[in-house]
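Presented below is the structure to which this report refers.
Per-chain numbering from 1; labels A, B and C assigned in written order.
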Amino acid sequence: MDKNEILSVIEGMLFLSGDEGLTIKQISSVLKLSKKEATQYVDELIQIENDKTIKGFELVNFGGVYKFATLAKHHEYYQRMIEQSENTLSNAALETLAIIAYNQPVTRVRIEEIRGVGCDAMIRKLAAKALIKEVGREDTPGKPILYGVTDEFMDAFSLTSLDELPELKEMKEDFDQEDIFNTKYTEE
Amino acid sequence: MDKNEILSVIEGMLFLSGDEGLTIKQISSVLKLSKKEATQYVDELIQIENDKTIKGFELVNFGGVYKFATLAKHHEYYQRMIEQSENTLSNAALETLAIIAYNQPVTRVRIEEIRGVGCDAMIRKLAAKALIKEVGREDTPGKPILYGVTDEFMDAFSLTSLDELPELKEMKEDFDQEDIFNTKYTEE
Amino acid sequence: MAYEVVLEDFQGPLDLLLHLIKEKEMDLETLEVSVITDQYLAYIDQMDAQQLETMSEYLVMAAQLIEMKSKMLLPAQKVELEDDYQEDPREQLIKRLIEYKKYKDVLDEFKEKYEQRQYIHTKAPAFMDEYVIDTTEMIPDNLEVYDLIRAMQKMFQRKALLAPLESKIARVEISIDERSDQIRQYFRIHKNQRVKLEDLFEEPTKIFFVITFLSVLVLVNKNELVIEQDGNFEDIYLKERV
């Protein structure tokens, strides 16, 4: 593999890792390079990304974690991008709603566990839209608030019952042969 | 804002949006451009990303949604860093999806007619996978649900538009005519 | 044995029929109902009786074929008469087979598109919840259940993407004692060397950072390690106290 290919793969890896970013250790292990080599390649990549004419994001190093990050000077556009999506619900909002619908009554901590990201702002936003509401307190230390979906939620998604949502099992399952046999011919 | 800045912001927006991607409409509204201008910029950006020497990802268009995606040829490296949730579609699933894609909007009964088997469970499953969705009701007795394919479908099959589906070989259905009988059922 | 074969290989009675027609090298349009019916019934015969419930579609087709075959044994005149008024069931079946075959023919290409897509990857959207300032009470009016399903599917995909990285970034709860021992071990390997403080922070998790930092303080406090810095804003080094 020539140098440009290695740099391309590193670029792709960093792209895929998104917010999480990658360490030199991870890069070197995927590409089977020494840490020293990996560091040299990453340094070179930083230079290349930095020199681009069209630059929507750059390669940064936060405490040994490398990741792509957008430029501060374009912040207002990204802000606007989020705002623009307010007349629809963002994917993050929909995801949070779906988790609440499937798990209600559910605490914020549990939602965050499932999503893998903090949801504080999101929950406030959804509550402001009356799509979710507090439905009680969990009987555990700290008495955390339990959330559930509202009639407005049912209305917004034209649901008469939460049973109309596909089963979680169906959403996760693969289309493996085995399963097809069990379901295909069992009709009403 | 000069052209390079606009292209940079679009690049940054696409990066942030990840697999959700962006439509021309979203890009044009954030940058306060006409749709035509936005399309030109995006086309230009596709070209620029395509011409990069170091290329870990490129700009793709699946069903009118633009997003960055890594290159197929580097797949083996990314496989080492992501869990390959072996996504396979069974033949039954593919068959059902194909019939829906070519005939949408289409009712379950019609799909079953073509396939010659019941499809209730399969349709529920494809809907749970977000590959198809209800797109309305047919104006016939019983108001049966009409199904169509989704953005997720377009992405799953790397389609920019449904025109890219393989062409169905039309056979004349008029059996009173002699020439029909010339076509032989042979293996391709 | 044959039952398994049938189910695995065929997507239904039409699929099985196409297979038999191909096997017999028959013209689809001049389908010989009697031959095909016998073949079809031979397949059905091999099926496990216990599974017949799930085979209803195959049986319905078998019944239709038998009916067709018997009709064709009737005097031709009568068939002709019926022809004027209603479609010959044989032609109806042929039509169905032709239509079904149309989709069957593109399936490989269809599948290939799907498989190709598996080789390219996208990333999760950047975490931008922090930008969410909107507190309007408006609920968008264009929502559908599909939106929820799609969001969940994206989340499952995202989780699959992050899982291996997360597992590498050992989430194990490590105690200060354990981490201190690891650091001692580290200095046993790097004997008499000055080590950059940041080299100890190899796992990029907050908890690991905190535990490592506290462990270093403990070790310094116990006089096992010394902190050195050559000047303001220079790198910070650690070394074993000898």
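Everything that follows uses one rule, which is that a residue touches a chain if its C-beta (ideal position, glycine included) is under 8 Å from a C-beta of that chain, and two chains touch if they have at least 3 such contacts.
Worth saying up front: this structure is predicted, and the values here are computed from it rather than measured.
For chain B, the chain with the farthest CA centroid is A. Legend note: the chain whose CA centroid lies nearest the centroid of all displayed protein CA atoms is C. Between the CA-based centres of chain B and chain C the separation comes to 16 Å, rounded to the whole angstrom.
Taking each chain's centre as the mean of its C-alpha atoms, chain A lies 22 Å from chain B. Among all residues of chain B, those that touch two or more other chains are 15-18, 20, 68, 70-71, 78, 81-82, 87, 89, 92, 117-118, 127-129.
Shared interface positions of chain C, defined as residues touching 2 or more other chains, are 57, 121, 123-126, 128, 144-145, 149-150, 152-154, 156, 158, 161, 165. For chain C in complex with chain A, the residues that touch the partner chain are 7-8, 54-57, 121, 123-145, 147-156, 158-159, 161-162, 165, 168, 198, 201-202, 204, 209.
On the side of chain A, the complex with chain C involves touching residues 15-23, 25-26, 63-65, 70, 78-79, 82-83, 86-92, 94-95, 97-99, 101-102, 114-119, 121-122, 124-125, 128-131, 152, 156-159, 164-166, 171-172, 177, 181, 185-187. Chain contact summary for the complex, chain B toward chain A: residues 4, 7-18, 20, 26, 29-31, 45, 48, 53-57, 68, 70-71, 74, 77-78, 80-82, 86-90, 92-93, 117-122, 124-125, 127-129. By the touch criterion given at the top, residues 11-15, 18, 21-22, 26-30, 57, 61, 91, 94-96, 98-107, 109-111, 113-114, 116-126, 128, 144-146, 149-150, 152-154, 156-158, 160-161, 163-165 of chain C touch chain B in their complex.
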